[in-house]
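Look at the two complexes coming up: chain A is in both, with chain B in one and chain C in the other.
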Partner chain A sequence: MLKALSRRFLRDTALIVVPVIAIMAILPSFYSNHLLLFNFVVFLTLAQGVNILYGFTGYLPFGYVGFFGAGAYGFSIAVLHLKAPPLAALVAAGAAAGALGLLLAPLLRLSGAYFSIANLAASLAVLQIISNPNLEDITRGPYGISLSGVFNPTLAYAMALMILAATLLFVAYLRSSNFGLALQAIRENLFSASMAGIDVVRARMIAWLACALVAGFIGGVFAWYVSVFFPETVFGAEFSIFAIVFALFGGTSTLLGPIVGVVILYGVYNLIGVSAPQYFQLIYGFLIMALVLFLPNGLTSLLQRRGIDVP
Partner chain B sequence: MLVYTLFAGILFGLYFSLVGLGLNLVFGVMRIVNLAHGDFLMLGAYLAFWLYTLSEVNPVAVIPLAFALFVLIGLPLYYMLVPRLLAAKDPEMLSIILFFGLSQVIEAVAGIVFGRSERSIPGGELGRALAGFVNLFPGANMESGPVEIFGQTFPAAWVVAGLASLLAVLCVYLYLYRTRLGALTRAVMADREEALSTGIDTHRVSAIAFAIGIALAAIGGVFAPFMLGSITPAMGVEATVTSFAVIVIGSLGNPLGTVLGGIIYGVSYMLMQSYLSSWANLLPYLLLIAILLVRPSGLLGRRVRLA
Partner chain C sequence: MSPDNAPLLAIADLVKRFGGFRALDGLTLSIAPGEVLGLVGPNGSGKTTCINVISGLYPADGGEVLFEGKNISGTKSHHLVHLGINRTFQVPKPFLALTVRENIEVAIAYGNHPKGLTDAEPLLESLRLAKVADRRAAELNSAQQKMLDLARALATGPRLLLVDELAAGLNPAELEWVGGKLKELARTGMAIIVVEHLMGFIEQVTDRVIVLNAGKEIFEGKLADAVRVPQVIEVFLGGAHAA
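Presenting the complex of A and B:
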């Protein structure tokens, strides 16, 4: 069993993690739209973050952007107030998201839609607090952040790739470890899992914090990369929604699914966004509805139905 | 000041319970999350706006029309979306995404058809309707204008919206507790599987509940220009979140719980507006999270929603 699992980990790493990171590392020298590539890395990471939580525990984080924004502001506040160098500020980004994750951990007591709605409300509450004019001294309130002093897109892109690699490896680990199996057992049946000796609360907590940290770190890098932003930019609901839709479109609890989802849907998004922006929302809405009605388990389920073990 | 705030809070609270009522019905009966709820409210608001602008129809007269129209829209919509959804592995989660897609479609179409600019209806229209109604009684003589309650004056629009909302809640209550179809609806609410096995046509019952839910949102939309500010195609999201706060504070499936939730929400909203206005926007979210954590079944609820 363990041998089969570790073989799976090596297979996942060789087939998916290494190629994806290699391609994203090489692409900037062939393709000039650096920002677009960076956004691809951000969404690849966020979609895998959603995958960690939804694919392995069944919780759908509808306010996922809260961690992303917390990371962005953790990074910015460390740079602005503590004069921290960017790499140290990234630690602050992770810490901010981790702290928010701990604060919101009681939400895990809720099930199903209640969790998602409470999570959405929590992310909106954080946005309201951060953008409140009364906190202008700390967060600059609604007027936004400018980090021009540490602007360094090349290094930020490299850090984003490292975060993506770590996230992909963590998902590969979940897919091939007893811990990952334990999480899926909890998702399928809470009581049987706890009867089998799984520490339900601890296992869920680890997945939740991992999911929060992923978003926090990539949020910090995002703040670093764009360096000028408003609260609404880094707390925009579209981050949560895109990450969720991308992950589900490809198929969760696989490594490949969310990647395919991001490449296809974010690719389409940028194509329509450039050529016909006024119909973009309409097409996107229909695409999402068609996905749920006709392919509720994602694109990779087409392969899984034929008995193929999708990495 | 305090009395004024409390009364205004109650009027708004009644209105908010109308806004949340349809969502409560849909979630209670089908266990699906209609994230497009606020967008149907937006469509109702545009219906009232265009009928007023094109042919000066009083918004109060639009209400029955809106109800009928949106029931007719809701029935086929149910059969198009929900049966397929309920057959999936995790309908509750998937419904969030499906109806998010629907809300995007509605918002996009509304943006293309109505344009993105802000619209509004003059507030005096509802006052004229109220005065006209009161003057139907012999001996009554009322000017259209602000209404005086306990020495405080309120815009007539608030009073009309509050009263109409109360009436709508009452109708839903009578439907659920005094009609046969309502009894069947409550059976499906309590346990869908068991209702099915006793021979209830759950899809028919659910379709009607779904259509009524959407129609209630549309009625709420008719008053939106007076209560929620100017109307835009993008107003739906905020209305949806407000509705969620209201029904979570109250409880699921129980229209009286929604009224309680709406009033608590409305009063605390008004108190925040008067005494702590810069943080007022934070309130719905904090209230929502606090109630979910402290009393997950809602204030009047019996159901358990813990994981």
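Presenting the complex of A and C:
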């Protein structure tokens, strides 16, 4: 069993992780819109973060952006108040998201839509706290953050790639390990999972914190890369919506699905979404409706139906 | 029960309430290693509730559950599995999106099999699931899902197995085979509590039965003797037949 699982990990790494990281590392040499490439890396990471939680445990985090924003502010506060260098500040970004994950852990007692709505409300609450003018000395309140002193897009992009690589490897691990199997068992049935000997609370918590850390670290790198932002920028609902839609569009529980979702939908968004947003919304709407109606398990389910083990 | 055949599980004055309804009302029972005990009674008599409390799904509201002499009331289900207790469900609850093999492998990985079971193959063969091992559990028929539920429980190496209406919906040949399988497990020293409505199956597999009504024991002994007790006849068939 272990040998088969290790083979799967190696196959997933060779077919998906290495090529994706290599392509995203090379592309800046050939394509000048580095901000767009950076955003692709951000959404590739966030979509995999959603994949970790939803794909493996069944919890759909409508307020996923809360961890992203917490990471961005954790990074910024470390830089502004502790004068931390960016790499050390990234640890603060992860710590902020992890702490928020621990604080919100009781939400995991909820299920289905109740969890999703509570998670959304929690992220909005965090936004309100961060942008509170009374906290201006700490968070700059509603007036936004400026980190021009540490601006280094090249290094920030490299760090984003490393976070993406780590996230992809973690998903590959989940797909090929007993722990990943345990999470999927929990997603399928809590009671049976307990009776399979799985500590449901502990396993679920690990997945929850992992998905929080992914968003927190990439949120920290986002703050570093853009350097100037407002609370609404890093707590914007579109981050959650995009990450969820991209992951579901491609197909969760796979490495490939969320990547396909990001490439197609974020690609379409950038091809026509900026120049002709009215058409973009129309096309986006049709794509999502078609998906829900005909491929509720995502594009990769087309291959899975034919018995193909999608990486 | 002889003195050197000490009970593996002993329940004393067990109470479980749902609002004002007492599903278990001071139930006391025990089972020794290698014994097969039948729990029978009309719907709502507390049979499944008893299994749910023993397996940690419901907390007890009173009384105690002793496993090898230790009070396990309030212990979480996965800890009970590691102690050597497992169960099947009345409506099988396999991990539908996983393959049959993965269903068993995850229980092997997270259970605590005393013989260090590492391979799903023996269980797949033993429970006639080998041919469907690589199919998703959702594709199995209900009888196969029941066997998979049993396989998931056995993969953790239980010393006490709680079987909740495993026989319902099986054809006569399958019933005889499953009954034989349970008796085979009991011969290895496994204690088995069987909740069942099919009296023929109960007669085939159990050493003794406890008849429940309204959460209380009204009879304990051989099934053949139970049918001569007026109170038992009354709860199953109504007062007129008991006269």
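Following the convention adopted for this analysis, the second predicted complex is superposed on the first by the 307 of 311 C-alpha atoms of A that agree within 3 Å, B and C clash if a C-alpha of one lies under 4 Å from a C-alpha of the other, contacts with A are read in each partner's own complex, and residues count from 1 in each chain.
As a working rule, contacts are C-beta pairs under 8 Å (C-beta built on N, C-alpha and C of every residue); 3 or more make two chains touch, one makes a residue touch a chain.
Bear in mind the structure is a predicted one, so any value in this text is a computation, not a measurement.
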{"item": "Which superposed partner A:107 touches (first chain B, second chain C, both, neither)", "value": "first"}
{"item": "More chain A residues in contact - chain B or chain C", "value": "B"}
{"item": "Partner chain in contact with A:287 - chain B first, chain C second, else both or neither", "value": "first"}
{"item": "Partner chain in contact with A:121 - chain B first, chain C second, else both or neither", "value": "first"}
{"item": "First (chain B), second (chain C), both or neither touched by A:189", "value": "second"}
{"item": "Touching partner for A:238 - first (chain B), second (chain C), both, neither", "value": "neither"}
{"item": "Touching partner for A:136 - first (chain B), second (chain C), both, neither", "value": "neither"}
{"item": "Touched partner set for A:197, first chain B, second chain C, both or neither", "value": "second"}
{"item": "Touched partner set for A:178, first chain B, second chain C, both or neither", "value": "second"}
{"item": "Residue ranges of chain A in contact with chain B within the complex", "value": "54, 58, 60, 62, 106-118, 120-122, 124-125, 128-129, 132-134, 190, 237, 241, 244-245, 248, 278-282, 284-289, 291-293, 296-297"}
{"item": "Chain C contact footprint on chain A (complex, rising order)", "value": "1, 178, 181-182, 184-185, 187-189, 191-200, 253"}
{"item": "Chain C - residues contacting chain A, complex", "value": "55-57, 76-78, 81-82, 86-87, 89, 93-98, 102-103, 105-112, 118-120, 149, 152-153, 155-156"}
{"item": "Complex interface listing, chain B residues touching chain A", "value": "27, 31, 33, 81, 84-85, 88-90, 92-98, 100-109, 111-112, 237, 241, 244-245, 248, 278-279, 281-282, 284-286, 288-289, 292-293, 296, 305-307"}
